[in-house]
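See below for the structure under consideration.
Note that the chains take the letters A, B, C and D in the order they are written out, and that residue 1 is the start of every chain.
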Amino acid sequence: MSVELFGVLLGVFFTLAVYTFLYRENPYSRIAEYVFIGAATGYGIAYDLDWLKNQWVGTWSKTMEDSILFVLALLLAVLWYFRFSKRYFFLYRIPLAITVGTYIGLALRSVVFAQVIEQVRSTAALKVVGIDPWTAFNNLVTMIIVVCTLAYFTFTVRQEAAFWKPVNKFARYAMMIGFGSAYGYTVLTRMSLFIGRVQFLLGIPPNPPEAKMFFPWVALVLLGTLLGYDYYKKTKK
Amino acid sequence: MATAPRIWEKLETIDARIIYLILWIVILWPFIYPIGLPVSIGSYSLAYAKAIDDLPAGSIVVVSFDFSLGGLGELYPIAIATLHHLFTKPVKIVIIAIWSDGAIVADMVLKDLKPDQPPYNRKYGEDWIFLGYAPGGETAMAALGKDFWSTLPTDYYYKKHVSTYPIMQNLRSANDVTLLVSLETGTPGADEWVRQWYVPYKVPMIVGCIGVMAPTVAPYLAGGQVKGMLPGLRAAAEYELIIGRKGLGVASADALSTSHMVFVIFVILGNISYFMRRRSK
Amino acid sequence: MDITPLLSQQILKSGRVSGMVFLLIIAASTAYFIRRGKAGKVPYLRKVPGLDAIDEAIGRATEMGRPVFCSHGIASIADATYGPQTIAGLSVLGYVAQLCARYGVRLIVPVRQLVVYPIAREIVENAYRMEGKLDQFRVEDIVYLSGWQFGYSMGYMSLMRREKAGANIMVGGYWAESLQLAEVGYMVGAMQVSGTANTHQIPFFVVATDYTLIGEEIYAAGAYLSKDPAMIGSIVAQDIGKYVSIALILLGFVLLIFGNDYIIQMLRW
Amino acid sequence: MSLLRRVEIPIAITIIFALIQVIPYFVNMGPAVEATQDKVVRWTLIVSTGALLVGLTSLLLIHVPRVTRRRTHWEYSLLLIAFMFLMTIIGLPFPELNLGLTGYWFRFFYNNVLTPLSASLYAILAFYITSAAYRAFKARSLEAALLLISGTILVLRNAPLGTFLIPQIADLGDWIFNIPNMAVNRAIMIGGGLGAMVLGIRVLLGYERGYLRGGE
């Protein structure tokens, strides 16, 4: 068997091994799980090393100052490892603080625009006059839903006044409709993904056609051993 | 009538594995024995096909592969059908990629279609050309818009300078492009093309994308920047029916219909059993 | 108000002033209400059923003699957009670990991000120490599963099936794995409390788990659970932000009816 | 060393690095400061790669004893360790030796092991989305009924057969998705943004210490 063909067999095996998990946790799904975690971790390490090398070659090795900064960063990176030291474990908080600080800073400045200002502005800019009535109606509905849902989440106000009850009810209904539609909408992409795997198993192009040769046999072996074992255990009892 | 409620109770707490098995069957079945369930054709798909049909002879179309191998499941049928449609029209086709894997994907699709052979018989370098990957994401789009020759100086297959190909003589900037086709899974994609090509050069575009992208592209359809859109496998099927070339999309449409219908049937069954059980209490 | 002089002298950046003002309002009110809280003026706080359910979930797992699973999402703390969700999830983890230590129930924490791993470990270890049960802390139950999204979810699902999870508490940034975890958690009979600010995943949590914290509720979770007056005070700032947003929306909307787009322009500053 | 032990040090570092990103973003301090800002982000990325060591070690700390002590499932742990080292070694950044991310063997395992596993797991959602709906899409109350109805409408809207049987469902489905769904998302996004901001401020004020020491 050529290496490429063996690769296709591996692909078919791992695909089906994942789906045996739907039946129950079993040795095949466990093989898939551990191989995946091992290989993915290895991939991550390789990827990061490659990235580090590119950073060094592409950017930081150019000037003396940058080189020193790079080495300093690597030294700080090693401090993470002190997490395992009983005496000096607190040293790992330094790289942690640098990381958290930088990204909290980035988050503060990006979130305020992308998630707050932009959204508030596009809601305030919804027009209800000078456009066709259907769009005006939709804009009005959008605005009311946004305001009511925002109000619904208030934490520190006793929601006793009379207007709260209808507002909260409306917000909850709107949320349920929204959540339902998002759920239903996603069914399409999830089914499409699985259809993609079925096409792989059946060797439909662009997938390697050899897959359909392996599919029935691998499926038979996996299912046969699993069901056979469970049947055997059941009858023995 | 002690048995009837038990049926409902059983149905309500049905073993999920039965649901899984039924899903496997209804999705596998149509690929082995195609059913040919009816597909309704939406306005977005019609507009997409029309944008290509309306192209005047000799106009230049840029097809950009803005996705990686992961997007193949949904975009492969769209890419095949779109290029088939284009190769049967008397237009010049320039294929590029903004994603690094896009070049690999485009190569796969072109190898599958073989445009230089019948029924297309289109000459490479004269009727169509494949320029490969332009690195830099949105920056690359902007650079291409300004100057094609310097951004993608050689073609993908022969690594020869673009000036040696007749097709490139009339293509220097986005101003020379009649239509842009973007096949995409995410960023950079439609947002960036609109910013870099529509806003400055008014190049109209059509988009083939994965299903989840549809809501982000839809505003551009309303705004007129995007002329047509094919979101996902379902739209691929519609498009294949419009151009009369049934392929992977139509085959998948059956599986989509059966799986969605099974979903709805399960929801209905779940509700019937819920109410019957409650009534019997 | 005219801000042109500030812009023309290039002290502030055009297009960013509105965000800066908003951020300053939030910062000032957070600081103010934290001080007020410290001074003993604790604001009223409405009940968040999802957060109260955490106690119930852990209690039930204890009764059943099954482990509690608690995860904080798959986003890295080193992420400009989703990092805060992980921090919010870690605050919940601190509370859950404390309760688990108190009840003597096993706690399993599946981790996806390497950067987060040492933090999760320290949080749990510290909670056990504070309850005086450091001897019961099991390092191997803080599991780094995989940096790959689905490697993580596969490991998480298998772990829940193998160990028969009694409770599964998921608060943080979740993506496609949300439904995988929630569905398998249901199948093994775990009581589940979930929460995320990723709008596209909230529907799956709402449908498949017992209680769901929606959006901003996860950020208030740490303060809510800590019952620390200063922290609870800071939640008022979240509400003030909402009042400002609602006011801007309503004002802008009404002014626009009369053809005035002042508010919309202001938000472009 | 005893000074470094204090929790104030990391808090101070956090605040300084956060302000480096925030202040020059709003206040004009010239291009030099902005260049530094970007550089700090890239530099931080290098610092955070060190966590790799921690993760790797903790993974080995779990699985190596399992193998040496022959605990349950130790064979699988061995498989995990083997694949981890395999991928690391064939992925080392030395293209000259045909190693690295573009090397033949790395590609081979990427295409035939990682991709099928990851894609198949992603696709397992097709099953879970159906079983979860079967269980939870039940008209127990008005709210649950609304969820059920709008979900079913969207499913029918997306099925090729659905719009064929009921053409109007396309417009209805699109309306639900584009109006109520979008509006709800927007509100949740605003609230979430505010929550994240308050959390960030708490970190800056030194109150949110969960990430530094467990919930004291």
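The working rule: contacts are C-beta pairs under 8 Å (C-beta built on N, C-alpha and C of every residue); 3 or more make two chains touch, one makes a residue touch a chain.
Computed from a prediction, not measured in an experiment: that's the story for all the values here.
J.: Which chain is most remote from chain A in terms of Cα centres?
T.: Following the centroid criterion, the farthest chain would be B.
J.: Using the touch rule stated at the top, which two chains are linked by the largest number of C-beta contacts?
T.: Looking across every pairing, the one with the most contacts is A-D.
J.: Using CA atom averages as chain centres, what separation in Å is found between chain A and chain D?
T.: 5
J.: Based only on mean CA positions, could you tell me how far chain A sits from chain B in angstrom?
T.: Each chain's C-alpha centroid was found; their separation is 23 Å.
J.: How many Å are there between the centre of chain B and the centre of chain C, using C-alpha atoms for each centre?
T.: 37
J.: Quick check: how many Å separate the C-alpha centres of chain B and chain D?
T.: One centre to the other, that is 27 Å.
J.: Which positions in chain B are in touch with at least two other chains?
T.: Chain B, residues with two or more chain partners: 16, 20, 23, 27, 211, 234, 256, 259-260, 263.
J.: I need the residues of chain D touching at least two other chains; which ones are they?
T.: In chain D, 22, 25-26, 44, 48, 51-52, 54-55, 59, 114-115, 117-119, 121-122, 124-127, 129-131, 133, 135, 137, 147-148, 151-152, 155, 158, 177, 182, 185, 188-192, 194, 196-197, 200-201, 203-204, 211-212 touch at least two other chains.
J.: Which residues of chain C are in contact with two or more other chains?
T.: Chain C, residues with two or more chain partners: 16, 19, 23, 77-78, 84, 87, 115, 118-119, 122, 147-148, 150-151, 154, 199, 202, 204, 206-207, 214-217, 220, 235, 238, 241-242, 245.
J.: Which pairs of chains touch each other?
T.: Once each pair is checked, the touching ones are A-B, A-C, A-D, B-D, C-D.
J.: So in the complex, which bits of chain C are touching chain D?
T.: 10-13, 16-17, 19-20, 23, 26-27, 30-31, 34, 77-78, 84-85, 87-88, 90-91, 93-95, 97-98, 113-115, 117-119, 122-127, 130, 139-140, 142-144, 147-151, 153-154, 176, 179-180, 182-184, 186, 197, 199, 202, 204, 206-208, 214-220, 222, 226, 230-231, 234-235, 237-238, 241-242, 245
J.: Where on chain A is chain B touching in the complex?
T.: Where chain A meets chain B, its residues are 22-23, 186-189, 191-196, 198-199, 202, 204-206.
J.: Considering the complex alone, what residue numbers of chain B touch chain A?
T.: 17, 20, 23, 27-28, 31-32, 72-74, 76, 108-109, 112, 210-212, 232-234, 248, 251-252, 255-256, 259-260, 263
J.: For the complex, which residues does chain A have touching chain D?
T.: These residues of chain A touch chain D: 3, 7-8, 10-12, 14-15, 18-19, 21-22, 30-55, 59, 69-70, 73-74, 76-81, 83-84, 88, 90-109, 111-112, 114-116, 119-120, 122-123, 138, 141-143, 145-150, 153, 172-188, 190-191, 193-194, 196-197, 200.
J.: Which stretch or stretches of chain D touch chain B in the complex?
T.: Going by the criterion above, the answer is residues 115, 119, 126-127, 129-131, 133-135, 137-140, 148, 151-152, 155-156, 158-164, 167, 170, 177-178, 182.
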